[in-house]
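Look at the two complexes coming up: chain A is in both, with chain B in one and chain C in the other.
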Partner chain A sequence: MATAVMTTLDPNSRSAARGMSDLTIRNLFIIPTIIFLIVFNIFPLLYSLGYSFTDFRASSPAAANFVGLQNYRELLNDPFIWSNFAITAKYVIVSVVGQVIVGFGVALLLNRDIPLKGLLTTLLLLPMMLSMAVVGLFWKLLYDPSFGIINYTLGLGSFEWLSNPDMALYAVAITDIWMWSPFVMLLSLAGLSAVPKHLYEAAAIDRAGSFYTFFRITLPLVAPILMIAIIFRTMEAFKTFDLAYILTSQPTTEVISIRLYKMAFQEWQTGRSCALAYIVLIMILAITNIYVKYLNKVKER
Partner chain B sequence: MRKTMTSMLAGIAMTLASGTAAYSQELTIFWAEWDPANYLQELVNLYEAETGVKVTVETTPWSDFQTKAFTEFNAKGSAYDMVVGDSQWIGAASEAGHYVDLTDFFNKHNLKEVMAPATVKYYAEYPSNSGKYWSIPAEGDAVGWSYRKDWFEDPKEKEAFKAKYGYDLDVPKDFKALRDIAEFFHRPDEKRYGIAIYTDNSYDALVMGVENAIFSFGGELGDYATYKVDGIINSEQNVKALEAYKELYSFTPPGWAKSFFIEDNQAITENLAAMSMNYFAFFPALINEASNPNAKVTGFFANPPGPNGDQFAALGGQGISVISYSQNQEEAMKFLEWFIKEDTQKKWAELGGYTASAKVLESPEFQNATPYNKAFYETMFKVKDFWATPEYAELLIQMNQRVYPYITGNQGTAKEVLDSLAADWNATFKKYNRVK
Partner chain C sequence: MTQIELRGVQKYFGAVQVIKDLNLKIDDNEFIVLLGQSGCGKTTTLRAIAGLETIDGGDVLIDGKPVQHLKAADRDIAMVFQSFSLYPHMSVYENIAFPLRATRKSKAEIDSEVRSVAKTLQISDLLARKPSALSGGDMQRVAIGRALVRRPKAMLMDEPIGALDAKLREEMRAEIKRLHIKQGSTTIYVTHDQIEAMSLADRIVIMHEGVLQQVGSPDEVYSRPANLFVAQFVGSPVMNVADVAVAEKASSASVTVGGAATGFEFPRALLSKLNGHASDKLALGIRPEGVIVRREAAEGFLPVEAQIVEPLGSFDIVDLKIGSKMLRARTRSGFVSGPGVKVFARIDPAQAHFFDTASGKSLGVRL
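Up next, the complex of A and B:
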């Protein structure tokens, strides 16, 4: 089967002259990648699974003791961890919904013949290309209650975006929406430009309203690619660390990865943090699976 | 091809060999990135001039100093020969074998007498009262206060203050006065605020700030010898102290929920607050006109006493330890012998370092050298510190988790917060078999 998809080696090529077969060349390309994956991904993954059942602390020379499911049991019974998960869920919903609305909206606006469309699209993509830490640091300045430009422009006086415990998470989400809407926009734009023009022409002939055209033609045809954007953004938002860590230190913005970081690298509870990382991994896998199932359904239509 | 490979390998081997040879004449000290580290570099340059041994002070930002240091220790890395480690680390680092035992060195040079008692107790000895020493007190530090002399001395303000509170506006004599003055100067309409305090909960800032109140109110965090916390951390004094700290928070500038040393110094340089809490180590920037336009009108005072007259302050500062995995331990010990000499300590103080040497601290030259040295000297003899047990990081995070929402988010009461904290700490000590 594998050989069936491979093209045959040109008998005059240098590789052929060296006596390399197609199989050798394939292996040359694939094996290093596989080794890399095993060493840096699969092995640590399994190794940390082992640690998650122990009381191992990387900061101590004491040997790790097997504690069974104790780490998992204690973590899942810890109200602080559950509040971290609730915060993360809220953050994911707000930021992904926001990104889809803004990103898809901008894509719809751009999906027509307007002057300087290319330049405009490129400029809109800029936020996505910045480093998370840089974005965090300068949004911290923008949000500043004393001299921040946001309060100045909106006339909010000294409204406390980041120190107000109820507002801080939304402030982080707004920053994330600003940064990542362009990503959704880019994918949506690709989806939108792939919608066959003749469908719109047919709809126009049938005198379909713009509302009807959007929900019956545009959205269903863009849905699969939009779903992919949503999957990526959900996974990323679930793992958010940098933005929330840099912008504020409110307990109401302590998303699960920040708690995980503190547990692993400040408290050095290596075993327990491995268990928490596994809980997070399982959750992300579950959510992604639901999305993928839905994506397949959308594609079938 | 094969020849090129061979010569390349030979080249690498040569580099490595010569690298190791040069290495034995070099020492690396790891510390956080701040002014005192620069002063230390200046100091150790003198050592190089004397002995030819090159000493480099390598730094990393405070926020990841702990993480980076322990990552290196845990990996048994030999990148650093010595570390100027935070006072709370001593339990974790000594029990795990990261630090070389300096007890013999300590006794040989009678450092218990040479260094100020508090610095020996908190920077060097672990477990407490065990007579085992792990570091040489290097940078003494504690939390103190800076204030705007021009605001305090303004006759109009003085008159208005006296009319309102019935006593003279002056450097606060106690926590009550600290509160009154903060309230008096808190004028959001004029963009002037009463006080700047520590609130950042990502490491130990908020806890240090709260400790200032707790210790001066006569409270303690727990019994460091028996690990008893119930009835101590949630004592009546501590409840009052926490309430007092929360009240101070209401007189801070807007957005003051994640502030540490940078923000607190800014409060003075940017005309934001009348008084500002900070470690003494950050005061040199406040008397420097290049970094503080108000340098001439900035004054300093020690943490004031609480309602019962107890006066203490939260300890900062670090001791210098030799790392067990260093390949230059002998050379490092020689360096320490030089470092503890009185002349070196004097020079260290002159350069801007906060010496822990009792003799230098007591000397009038030191006390008159800067506007804050006297307050520093007074403070260094009444300091207390956080837990230094190996699980201090967990205790710190638990305290942040409980106290922060109360101070900045108005959640719960001081009593509830401290009761919950007592339960958290008790559970942690049980987990590590410190109590039954």
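Up next, the complex of A and C:
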């Protein structure tokens, strides 16, 4: 499909009067962004790739020695790193599944004519507009075993959410679900409202029940956009750092980015942590790729 | 065997009444066309019968049972939408099978039903395709197939071929007619196209601003329109309507159009049939084919001047100026060479209609 990449500049516009061509204006907008991207993203990315093959320590004046694949070999053979990955995987699954169920469910409830729908939707979006650090700090208060409102409301006495090693990861996931379900809801709502109303009418005429209509009409048609929400949330959950770091310091909540942070900025194993960062990057790329493949398949239908 | 009856149906959208006290009885196997301009309430009426729209008063009866409180799914009625409403993520086969699967029919039964419907509609070779890969006509065939496959009590069609181009529309029209003759199910069809209505309907129901205007066979609504609206809505080119003055002459009646010097000659019987109807509230309706045009002067023909000639292929429509009015006449093609030509015209009394301009009602005068 051929689409015009650039529309021609209106010859009467002020920019044209200043003697700027389409090309000049395009460059004016794009070049700063590209420079910014190269300086702050691409350069560090390549630079750290170089470090990942060395024993460099940012804390010592000693020169970096090239060690080949040693960092990678040691990391991939380290059972503690694998347990960090396992924790991360568990966290990703719990939190993304939770967000999809809550977000899509709320979207289904909102996808009808109800009074104050706009206001309600905006209010529901508030959690995801907050900063991670703020959310982490006040959920810490909410979870507090002695004066936290969660235990008080649920009548759980002094149940320990964050200092209980078996519960802490779920507590972090619940916070993440609270914060990011609105994102899934927003995308689902867009997907749901894009399903033409006449298809539901046709299904009603065809005598399809509400469950049948949901699973055969609604879900398949919303699937592509829901898939996009899942991709975004999986990537984000995989990278989670702030929430888990602020809420608790249990070894059972040490997701891979916390391990990475500790390795890089507490143990100062710069070269090694660069290698770990690359392993994480490759994993995220791989997972995303699986989703994108599936998304394309869904889109084809 | 399905009869559908509407009894005093009322429907409001907010403060606007879109269906006003509608009464209609549709017999088994009948092909009914609801005809009217957009916004006249015809589609709302159809949706009310289907159960997609609630009604605010009256009864909808199917086989004598009131169904206005039933959901669409419980009325056992199929519908074909103008937008086709095919499920975009399903193949043609799955689309047609959908109503059967939704009601949990056995696999073998579904397969044989789908294939037999596909055969009837000549879409057997398209079954594996997605709707997006179909032409407009084929999409509508699939939509009709989906409606037919479960052998519904009645078929409702909401401008099913309105979105197709002219040539395809003609083909599909013939196909729908053929299908109805073959399958014979009670059908209600909504359209704003009077040619579609005339060619398909057993009976035409003409609606205007939510009010039923006339119900009758195509021939009836064409040759005996009940009022001015029907007279001008049905038939193309449109019927001429002009305020007229009727005067008595020695052996005939004279009908003057547009304040012309002389009037058209009508039989004397017109006077008694009009029965002294106030002549300032009288309108004459005459279809273009009822205006007879000659090149030479003759007894009973009035001299007129051609203003516009519209060649339409098999015939011409000529606008003739008479007094301050225009009369459109249908002539052989090329009969009047061009604008400005003087010709002679007469009105065929047998094709004339007289209306009361105040109420719009036909006076039922036949000569």
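The working rule: the second predicted complex is superposed on the first by the 295 of 301 C-alpha atoms of A that agree within 3 Å, B and C clash if a C-alpha of one lies under 4 Å from a C-alpha of the other, contacts with A are read in each partner's own complex, and residues count from 1 in each chain.
One rule holds for everything that comes next: a residue touches a chain if its C-beta (ideal position, glycine included) is under 8 Å from a C-beta of that chain, and two chains touch if they have at least 3 such contacts.
Since this is a predicted model, take the numbers as computed values, not measurements.
Contacts of A:40 after superposition: neither chain B nor chain C is touched.
Within the superposed three-chain model, A:138 lies out of touch with both chain B and chain C [touch as defined at top]. Once chain A of one complex is fitted onto chain A of the other, the partner contacts of A:160 are limited to chain B, with no touch recorded for chain C.
Once the two complexes are overlaid on the shared chain, A:208 sits against chain C while remaining clear of chain B. Contact with chain C, but none with chain B, is seen for A:198 once the two complexes are overlaid on the shared chain.
A count of residues in chain A touched by chain B and by chain C gives the higher number to B. Across the interface of their complex, chain C is touched by residues 196, 198-199, 201-209, 212, 216-217, 220-221, 301 of chain A. Of all the residues in chain C, the ones that touch chain A in their complex are 50-52, 71-73, 76-79, 81, 83, 85, 87-89, 98-99, 101-103, 130, 146, 150. Within the complex formed with chain B, the chain A residues making contact are 58-61, 80, 144-146, 158, 160-163, 165, 248-252, 262, 265-269.
Within the complex formed with chain A, the residues of chain B that make contact are 66-67, 70-71, 73-74, 92, 95-97, 188, 191, 200-203, 253-258, 272, 390-391, 393-394, 396-397, 401, 404-405, 408-409.
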